[in-house]
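Both of the next two complexes hold chain A, though its partner changes from chain B to chain C.
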Partner chain A sequence: MKRSRGRSAFLFSCIAPAVILFFIFMILPTLNVFRMSLFEKGAYTPTETFVGLKNFRTLLADANFIRSMQNTILLIVVVTIITFAFALVFAAILTREKIKGQNFFRIVFYIPNILSVVVISGIFSAVYKPENGMLNSIIGLFRDMSDPILWKGEKLVMVSLIIAMVWQAIGYYMVMYMASMSGVPQSLYESASLDGAGRIAQFFQITIPLVWTNIRTTLTFFIISTINMAFLFVKAMTSGGPNHASEVTLSYMYSQKDAGLYGYSMAIGVIIFLFSFALSALVNKVTEREPLEF
Partner chain B sequence: MKMKKIMSAALAACMVVGSCGTAVFAEDAYADYAGTTISVAAIETAYGSEMWTQVCEEFTALTGIEVDLITDKNLEDVIGPSMQGGEYPDVIHLATGREAALTEQFIKGNLIADITDVLSMTVPGEEAAVSDKIAGGFTETSLTNPYGDGKTYLAPMFYSPCGLFYNKGLLEEKGWEIPATWDEMWELGDKALEEGIYLFTYPTTGYFDAFFYALMYSAGGAEFFDKATHYEEGIWETEEAKTCFDIVAKLASYTNPITPAQANDQDFTQNQQLVLDNKAIFMPNGTWIVGEMAEAPRADGFEWGMTALPAVADGGDRYSYTWFEQAWIPAGAENVDAAKLFLAFLYSDTACEIFVGSGAVQPVLGIADKLEGDNVMFYSIYDDGAKAAMGNFAAFEAIPGVEIRPVFFDPVNSLVSGDMTEDDWTAGIISASDQMRENLK
Partner chain C sequence: MNAKRQDGTGDRLYKIFIYVILGLLAISILVPVAWVFMASIKENSEFYGNPWTLPAGFYWQNFVDAWNAANMGSYMLNSVLVTALALLLLLLIALPASYCLSRFQFRGRKALNICFMAGLFINVNYIVVPVFLMLRDGDVWLKNVFGSSFLLNNLVVLAVVYASTALPFTIYLLSGYFQTLAHDYEEAAYIDGAGYGTTMWKIIFPMAKPSIITVILFNFLSFWNEYIISMTLMSSSKGPKTLPVGLLNLMQAQQSAAQYGIMYAGLVLVMLPTLILYICVQNQLTQGMTMGGLKG
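Moving on, here comes the complex of A and B:
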């Protein structure tokens, strides 16, 4: 009895620092976001007025917020699908096939992930430059470019953001998939090929079902990281422009804070929090399968 | 008990000795501030931060007040968090119109100390009062008196005439005249386009504020400007307002079409480069452009030129907006009196000379004699017949989703790319202006 009490005290003292820090720096600020969303307050004003759900009602009628939400959803859907497809295929090729320079490709794909978003934005700004930018120069070999394509113009700015975000994310997810794919026993593929299954059939029948748990985890990562990365890319590449065509929820939240609407921007924070939580839960539920063992 | 008495006597003696000690350094006039340290936070712009260090050193040498100086290009990020925690610098030099809008937030929240009495203070080390040194008009605008109550809250700092910048060499080479009216401007636009040169470009839509203010003055004079910047009912449906909107919309059709794709905080220098490369003739800008693009490549024979906005009609007034920065004292500052002394010192001959050495021009009388290089030409714009436009949109309580720049100026990007019509733009302004009027401070 005495021993178990001592053991409990020891365990408690081991986890207490982490729990206390987690509470102070994670739980408390999060709760504060929810609390602040019910108040009207400037970032620097000492006074705050309780306004109930007014901030949320205003949000639903705010056309700028709705547009930024649309852009965020577009990015989540498109970036996830494209990155997912490319990362999975590249991972399968690099683990299953014997190609020359395998390690070289692994490094090349992973490099964008090490670079800071500001550097990537700088690179892509040079690529997208209307005059003598790389992309327009290449296209200029095939067609007349006296009227250059405006990659960061109002019509194409979201496409340009998507390309940069996919380029940045592929390597990270590819490495994650490669790690779990290399755990799939070689014998399964051998017996499948004896049964006459081709490479594509093997990919869909063996590889994907066996790395499914990993895929589910990465889908949640996709949602959260796209929301976060979109803010960085927008800030560093377009400043939300032209005329707010590339504004995303987090950048809009930031601009409302600067406009002196701290409570309102916290309400946007709450919406993003609930949205990403709900979407992750939904994706998790939809992709639920009986785990396969090998 | 006895011990306590001895101790307090000893402490009191120490204090007397201590205060005598510091009083030796400061002049009698500043004896009250002995041992005071003020913190000064100044934005680092194209002028650099060295001038601030020197000015603070001179101030300390004169008054004995120590200065903790903070300068940074992103000053808001440096001082913002501690101010949210209730710790304020004593003096902040940070202009309105920046993206983080920190100064605007302090204005909206009534968080700035009244500095009207600084104007009647004697400049430290000199005989003259501050108000005798500051040039006329600078302390009567909504940029310094944001609440229109006759009290001054923000001190005017480094001014710069804004106008249309161009390549003088190009115009001379082609034999084109500087347009005096907007009609002449359009003629020049057509002529230039035949040679593959666009009439106009702009760095970002943020540069349209100074442009639009000057345009409002030239379309309807000071009265229209005052009504418009206070969002008077029906003001945007008047002839004068229509003239302004039509000019901007027409100018959009003469703008180099790649401009909007580069009109962001990262690529705006590419738009400025269009003027250096003779791909656009005019751009709205300020005198700092010369330093900002000093290293950039340029067309042969390039020479900076600057002109006021063309007149709306033949013989009409031409305006150039006077852009200036502001220094202010947060209401929560600890050493308000010493901070006021510092503000007054910023207009002393010593400070003005240090500032002008870095290209920053204080709005004081007689400063024109101290200018050099391109600045002589830029700052003489008002001597050449252009009138000075000053002021800005009146402050209003923060409204979700409604801000000056997104409503008035950001849509210019869409006007240029053809994604928005002039009617949509003005409709947005009218509806936002109604809300701004209801929330006027």
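Moving on, here comes the complex of A and C:
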């Protein structure tokens, strides 16, 4: 009896701090996002008034919000496809072929992942600078640069963001897939090449199916984290500009908070929550395959 | 025979092709980073010509200016404090919790585990506005009741927020490890008369050292590099700032004042600690990630 009381006290004292902090700083704010989205609440008015779904109706007519949503989806689709295609192919090459300096490549490719997004945006501001930036000075070797390419101009800003985001993410996923691909037994490849299967066929018919479970989990998480990374990059690199051309949903939410429209900002937050849940459920469903064993 | 020889040349071409592609990717990562290091010791006048010229000399004044005039020195100290405190808090709270959640049977255990799993999907930046409003309202209340407030613009509160929002991932990672241990360890300890607490601290935690190191590494990087929460909760212009936020302000100021050298020196100051850490522990880091598998 004494022992069991000691056990409960022990369990309680171990778990309670974690649960309390988790509740105050994660559960409560999440519930608040949903609650506040139904209210009109401003920075300069102490009171809040219940307005029902009015914030959401305003959202649907807000051209900047629609644009930020389109940009978010564009970034999710393009960044995911490019990152995963490159990461998978490079990982397959580095694990399958005997490459000299394999360790060197692995170490170098991982570097962008340890840098702060602020640092990356600083690096890329040097890359993208219109006059004597790194990229334009290289392109200047091949063509006339009297009117420099404006990488952060309205037309190209999304492309510039995509390049920076892929640059940041590629190494992390490559290293991860290298680890799971090195678990695929060599004998499978040997018997496949005896049967006359080339490298490309082996990649699609052996490597990819065997690491599919890993691809599937990482894909879901990558897509969710892209919503967030897009925000980090936009906030540091462009602040949503020029002229809202690079606004993403989270940065728009943040700018509405800065404008003091808390209720409206939280309506955007609700959309982000629902969107990311729906998206992960969708990806999970679409990528469902029979798990293979090796 | 003939076919085999053709295969050989094809093989060689393929190999060369691979080296070229891998080399290009490595260059595209290394060159911009190295360029920033180079730019950080250039004088301001050197920024107007060809960007690829080597620095004329070591112009250390950039670092001195960044450290003193641009306050990067005190920001660095703030970042060190916040990161260390947040890591300490996180470990003190997450270790016992994940141990109990993964190795004891009790009522409500499953529900708690599901809650923390669901927490993996809540991104901190989704909830930054309500967290800010909560602390602001708290400050208003404190001011009315006690006459002073301390929740916003406070490094300790920032560390608490960091630690709390890192809990789901950390608990997920540590529980995964604790589940793999055999129950014999505890039973032997109980027979020897050790209590629950002693068993946990003296027997289980030392065994979990590799996972603990992984947790510290990942969270160090995310705390050190974080800037959205820090920017939101420490918005007062006179209050303390962390290093990435200070750098962001420096970068924005640079656009009008054109002090490139100081900006690049600031960039180097922010990334140098992480790069040094990475060089020391790169094996642990790239191997540890397969253990965690995912990162928010």
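Brief remarks follow.
Simple rule for what comes next: the second predicted complex is superposed on the first by the 266 of 294 C-alpha atoms of A that agree within 3 Å, B and C clash if a C-alpha of one lies under 4 Å from a C-alpha of the other, contacts with A are read in each partner's own complex, and residues count from 1 in each chain.
Definition applied: a residue touches a chain if its C-beta (ideal position, glycine included) is under 8 Å from a C-beta of that chain, and two chains touch if they have at least 3 such contacts.
On a predicted model such as this, the values are computed, not experimentally measured, just so you know.
For the composite obtained by superposing both complexes on chain A, the positions of chain B and chain C are in clash. By the touch criterion stated above, A:64 is placed in contact with chain B alone, chain C being left untouched.
In the superposed pair of complexes, A:74 makes contact with neither chain B nor chain C.
Touch criterion not met for A:197: it reaches neither chain B nor chain C. Of the two partner chains placed around the shared chain by superposition, chain C is the only one that A:112 touches, whereas chain B remains out of contact. Set side by side, chain B and chain C differ in how many residues of chain A they touch, and the one touching more is C.
When both complexes are overlaid on chain A, the residue A:188 reaches neither chain B nor chain C.
In the superposition on chain A, A:125 contacts both chain B and chain C. By the document's definition of touching, of the two partners only chain C reaches A:11; chain B does not.
In the superposed model, A:150 lies in contact with chain B only, and not with chain C. In the superposition on chain A, contact of A:82 is made with neither chain B nor chain C.
After the shared chain A is superposed, the part of chain B among 75-83, 345-353 or 381-389 that runs into chain C is 75-83, by C-alpha clashes. Common to the chain B and chain C contact sets on chain A are residues 121-122, 125, 129, 236. Those residues of chain A lying in contact with chain B across their complex are 42-46, 55, 58-59, 62-65, 121-122, 125, 128-131, 147-148, 150-155, 236-239, 241-244, 255-256, 258-261, 264. Taken together, the chain B residues at the contact with chain A in this complex read 80, 83-84, 86, 99-102, 104-106, 108-109, 111, 204-205, 257-258, 260-267, 270, 398, 400-401, 403, 406, 410-414, 417, 419-420. Those residues of chain A that touch chain C in the shared complex are 6-8, 10-11, 13-15, 17-19, 21-22, 24-30, 32-33, 36, 90, 93-94, 97, 99, 104-112, 114-119, 121-127, 129, 132-134, 137, 167, 170-172, 175-176, 179-180, 199, 214, 217-218, 221, 224-225, 227-228, 231-232, 235-236, 250, 253-254, 257, 262, 265-266, 269, 272-273, 276-277, 280. For chain C in complex with chain A, the residues that touch the partner chain are 14-15, 18-19, 22, 25-26, 28-33, 35-36, 39, 47-52, 93-94, 96-97, 99-101, 104, 106, 112, 115-116, 119, 121-123, 125-134, 160-161, 163-165, 167-168, 171, 195-197, 200, 221, 224-228, 244-245, 247-248, 251, 263-264, 267, 270-271, 274-275, 277-278, 282, 285-287, 289-290, 293-296.
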